[in-house]
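Same chain, two partners: chain A is paired with chain B first, then with chain C.
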Partner chain A sequence: MSSNTFLGMPSLPVFGHGNLNATEAFPKAAHRELGNEQLRANLGHATHTIRDKRLKVVAELPDWEDMRNAGAAIKDATMANLPALLEQFEANFTARGGVIHWARDAQEANEIVTALIRETGETEVVKVKSMATQEIGLNEYLEEQGIAAYETDLAELIVQLDHDKPSHILVPAIHKNRSQVREIFLREMPVVDPNLTDEPAKLAEAARKHLRKKFLSAKVAVSGANFGLADTGTLTVVESEGNGRMCLTLPETLITVMGIEKLLPTWEDLEVFMQLLPRSSTGERMNPYTSLWTGVTPGDGPQNVHLVMLDNGRTAALADEMGRTALNCIRCSACMNVCPVYERTGGHAYGSTYPGPIGAILSPLLTGIKSEENNSLPYASSLCGACYDACPVKINIPEILVHLRGEDVDSKRAKVKVPTQMDLMMKGAEWAFAKGSHLSLLEKGLPLGTLAAGRDKVIKKLPGIAGGWTQSRDIPAPPTQSFRQWWAKEHKPGAAVVPGSTNSPEGEQA
Partner chain B sequence: MKIALFATCIVDAMYPRTAQATVAILERLGHEVVFPEGQACCGQMHVNSGYFKEARTVVANHVEAFDTDDYDVAVAPSGSCVASVKHQHELVARRCGDTALEARAAVVGAKTYELSQLLTDVLGITNAAEQLGSYFPHKVTYHPSCHGMRLLRLEDRQLNLLASVGGIEMVELPEADQCCGFGGTFSMKNADVSSAMNADKAANICGTGAELCSGGDASCLLHIGGGLSRQGSDVGTLHFAEILASTLENPVSVTGEVKVKLAGSKR
Partner chain C sequence: MSAREDIMNRIKSALRDAPATPVVPREYRRSSDMTAEQRLEQLVDRLVDYKANVFLTPAGDAPAKLAELLTGSTSIVVPHGLPESWLAALPSAGKDDGGTPAVHVDSPERRLTTAELDAVDAVVTAAAVAVSETGTIMLDGGGDQGRRIISLVPDRHICILNVDQIVEVLPEAIARLEASRPQTWISGPSATSDIELERVEGVHGPRTLDVIILT
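Now for the complex of A and B:
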């Protein structure tokens, strides 16, 4: 949209900020996290458990693929009609006594939430687990403003008490085991039984005692939302513990922060997602606590109900024709539970609030690929495709990863004139593969490779970026004759050729 | 049937026997194999690394070499290269705004098969021992490569063909559907993660007690085999085409520390 006469449309995309940006490149962060044996053991155990549970409950549904298609279709339709649906949602939410605020980015959203809390005169809020508020760094911002925000989701509480960052969308403390949790509780909870054991029931009891006081005293709650239903102006929070519902019903003021992509056109659409989400995320048939609220109900629940509609890069992502389906994400985390890269590095390696395969595309889409901290994320995948198979709304993550790599290469090409080693390698390979005759010419050098491999017939060290390969892998000596050479010399069409005949290509294979 | 062989760049330069075995199997079934000389590479490395401009050159060359009526179907002994031809070539052309190339790429893609697909779906091979005379008296485990499994939906085609080879003992690979960590330039750009994935794959393979790990992608086998070799393991890797090509009279032999030799070869 470059026309200046199109008033009201920003000429440059507004990219996202806050905790979306990684602070170091993925390979460096991954190297550090890979060294943490405890982390890898915890992660391996946890992802395998959820993975198996998900497979079991998904297999129960004969129409799972139809359900996925329906989910993708509803989300595609929502994105195609987003401006109108947002207006419809706003009209319905407002008509029922709610107040809508629009936030262009993380800073604006944080300022709006702070101002709303200030109006109440409170300095403490309870929080429902929310990715949107993680994304904008709300807790940190509130702390700077002298407002204490208490996470009430058990795993989120563990992470907050440990002054750590979540490592997973659904299971923020997936990287910690129960003895680590016990240590954190003993160290950080103001009142705790000194004989606390690491039994899950005992740990849950300690957390419950700690939180109960907060639930009963808090006048303000902050939440996110899993879905916003445009035709009624209804918001939804889906959770497992019931702590969210305590926050959503007990306080006088409820402030919700929701990404603008979270809309669904109608109530009926929710039925599809209430089947897709629990099965994909926790491996459960049905979600334990589903809370829905529509504006204000006099005499029941919060009487001041606010919603901050967050852009923070979402319209920029929507403008990316190839990448926009990343906005269909319902934050189930099925992709990270099946990802072999996530399983070994954990969420912190991705830097951004959104880890795993979805994070590797969503974070750079929200911040723009030119954001240097995030441009290593699209490469944090072997493109094995397990994420695409697991995604309940069929986001083609591998294809978007490749698309973003293309964007990254083009953006760097435009910026830096000196070619990198990778550029030169790709340029060389382009020449080699441009014609069969070029490859044929290069293959005349194969005997040199055999020579380089030496007596044990393997190459153990390569120079430059290819050295990454030989850090843990040998390369077998190439054969002295390529297939192409053998074909040209020996193979006569129609003549029977069997392996083991004397005209075999030479060379060992391992 | 006239079958055009797409040897793929890695097989052509590093594993010529895999292509030779493919030729042997198809000719044993009475088909004519042709080798379009202009072919080079599917361009997957360029696409997956984000080098679309360079990829276009490579894709155009592949389309030029295979867009002819001189053959009935094309075949490659590689799931990932066939997936690239079928799923990436049109995308590359479209991204570069080349609609003519896009249309021709679609034609080539539709005619291209992965070897186990061709053998099973088109040529009706269900029993390699009976229909191909395949004989390979070794203990073998099998790794299904990601692109064959998820992009081409090969399901158990390769495994079933292997299991029907005479004399073979197949052992199940734990966590077989897990990626080996190759991922093209991923293995260089994220060498640490790739190595960790490969180490787990190697441990699973060694745990089966198999003499060999077979599969349908030379690149994954190069990766897995390279890791096993560095660890000093006796377990090697071998493409399923070579196992299918092995017969009682002309066996592929496995001797000593992973020296896979075709009988009668000069070394």
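Now for the complex of A and C:
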């Protein structure tokens, strides 16, 4: 099926636009965000809480790894057969009364959605939280066109009312405290109880009242989709509050925007993803509500059902043989909850709609590594690998980060003949990690580092490009001996080996 | 060139290395060897965990249980295909006659308006299938479950389930469900954790979920 030979096609990738570009380089944005104590405290609490819940519910399943393997394979199979699956999905969705539109990029998608809304004569729409519409900047575009788009997810509502940006893909308003939410509601909601307290239950109640009339009278809704099933033409939205169900079933017209990568080949594949997603995402066995619809159901729900299929750089990402698995992402946010860099900088530092480890690879893949400030994103990682372990579809984020760093170095080398400092650092790292003996050689220099650190055992400032890193943090001085040196000393021939350990740390292949 | 053609060409060009299609390993559990009692126990445990109210009732006592739960309600809505016998103990006995509670029947011939639904206290439906491992009840728009809107707008949802509708794992439910039907999967009542991660039950969907399991 995948052996399509196709001639005379554009060979250059076409990149995406919209809220994908950082407006400043990650190190600069991160430095500013690091000063935000509240953000860091809230994020730390949130990521740790969700992380623990996730571990608990994942441990409940004896077949979690089998499910991850299935999930990764299903997504790889989807990408390998994308043209045929898109055609199949289109035929099934259309056969049941749905209408499909195709959008090359953010601008085109925005124009299509606007035209569809105009056709209904409405100037107001309700919205279900969706990454795709955030990526294309739909709300801002609609506003320019004189159409008001109301976010209905509680967190999105808070962020929208405060004219702010989401900082996490799952809990977008996590950087706000309850007292701030109360202030925002008192200030921005047209009708609100002046005695509103900052209890979350009371705040949720205020949001319910605020949105209820909108839901019951809305004629048009805009949503994203979590999955599209090719063999049945079914769309899926996964949520908690019921705002999604309201938007998906009450209005007359439903417009969904979905990336072309969101397909799964078969209905039964849903059994894998609806187990992987909730447990990875909120750490729940299942999210409170999942809605599924296939085109139009006469007499039930919207009778005017549209779907905008979005490229916006996805084909460019697909063209990157090393990076294309980034498109397998199901936006669960597990990778950001385990990422030490994200935990400290928060989502805003990444600039794009997609923050955290997945954002660090997805954004530059969608926009091209040469785009504006996105070329610093692949460096926003310690390569610790926690994201790879957490990812339900086994996206090897560290590997893609290293690949993109290489792309970045190459793209700069093309411009400047002299190797940059970064080139040299990368070259150095390549050499060091290539062979155990090289690393040992470098470790011999360790006592020197201790010396540079001074009496308080902390390196305050590193020279050159690494200095950017030390601007916002101190680096503990390296130990006087390396682990390898310690191991070698402790494990002279004949010394006891740690029970259960089969491979020695000295066992790297030369 | 149309956007569709353009995008299709871009995809084909992106896949010019013809990546292999892996065989999907489906070693995960696709069926259960739990007994019916174990499934029931697990489902109850999970539903209670989600803060749903669960009642185990012998099938013959369903009408009495329902009448008891609805004491104090002034109006309810039911889908047209709900077994009439379940409503037998209600004063108004399944008729759209303004008894107490007034029972509104939503049918293809007479669809309640959103405003009418907003004014009722509760909705009573059946379900298509339930998954014990995840505590999920699935509605597929069948005659005894009704349109999606009726289980959404009223503030209380009473769902009546037969014990033989419970499976353990999701794949068993997927095999029973028909994809083309509009579906709502429900795992506990509406909830949000958007403010400081504190879970609050009840936002836009029904704030109370009662589940009567007929044993």
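Everything that follows uses one rule, which is that the second predicted complex is superposed on the first by the 410 of 510 C-alpha atoms of A that agree within 3 Å, B and C clash if a C-alpha of one lies under 4 Å from a C-alpha of the other, contacts with A are read in each partner's own complex, and residues count from 1 in each chain.
The definition used in the following text is that contacts are C-beta pairs under 8 Å (C-beta built on N, C-alpha and C of every residue); 3 or more make two chains touch, one makes a residue touch a chain.
Not measured: the values here are computed from a predicted model.
Visitor: Could you look at A:142 and tell me whether it touches chain B, chain C, both or neither (first, second, both, neither)?
Guide: neither
Visitor: Considering only touches as defined above, state whether A:225 meets chain B (first), chain C (second), both or neither.
Guide: neither
Visitor: Given the touch rule stated above, what does A:132 touch, chain B (first), chain C (second), both, or neither?
Guide: neither
Visitor: Using the touch definition from the top, say if A:241 reaches chain B (first), chain C (second), both or neither.
Guide: In the superposed model, A:241 contacts chain C only, not chain B.
Visitor: Once the two complexes are aligned on chain A, which partner has more residues of chain A within touching range, chain B or chain C?
Guide: More residues of chain A are touched by C.
Visitor: With the two complexes superposed on chain A, say which partner A:409 touches: chain B (first), chain C (second), both, or neither.
Guide: The answer is first: A:409 touches chain B but not chain C.
Visitor: Which partner chains sit in contact with A:358 here, chain B, chain C, both or neither? Use first/second/both/neither.
Guide: neither
Visitor: State the interface residues of chain B toward chain A in the complex, per the touch definition above.
Guide: Contact set of chain B toward chain A: 7, 9, 11-17, 19-21, 23-24, 27-28, 32-41, 43, 45-52, 54, 57-58, 61, 65, 91, 95, 146-147, 150-151, 177-179, 181-199, 222-223, 225-227, 229-230, 236-238, 242, 245-247, 249-252, 258-267.
Visitor: Which positions of chain A touch chain C when the two form their complex?
Guide: Listed in rising order, the residues of chain A that touch chain C are 1-4, 6, 9-11, 13-14, 42, 45-46, 49-50, 62-63, 66-67, 69-70, 73-74, 76-77, 79-83, 86, 96, 101-104, 108, 152-155, 158, 171, 173-174, 176-178, 181, 200-201, 203-204, 207-208, 211-212, 215-216, 229, 232, 234, 240-243, 245-246, 248-250, 260, 267-272, 274-275, 278, 282, 284-294, 297, 299-301, 309, 311, 315-316, 318-319, 321, 324.
Visitor: Would you tell me which residues of chain C are touching chain A in their complex?
Guide: Residues 2-4, 6-30, 46, 50, 108, 111, 114-115, 118, 131, 133-136, 141, 147-149, 152-153, 170-171, 174-175, 179-198, 200, 202-206.
Visitor: Looking at the complex, which residues from chain A come into contact with chain B?
Guide: 26-27, 30-31, 34, 340-341, 344-345, 378-386, 388-389, 399, 402, 404-410, 422, 426-427, 429-430, 432-439, 442-443, 446, 458, 460, 465-469, 471-476, 478-479, 481-484, 486-487, 491, 493-494, 496-502, 504-510
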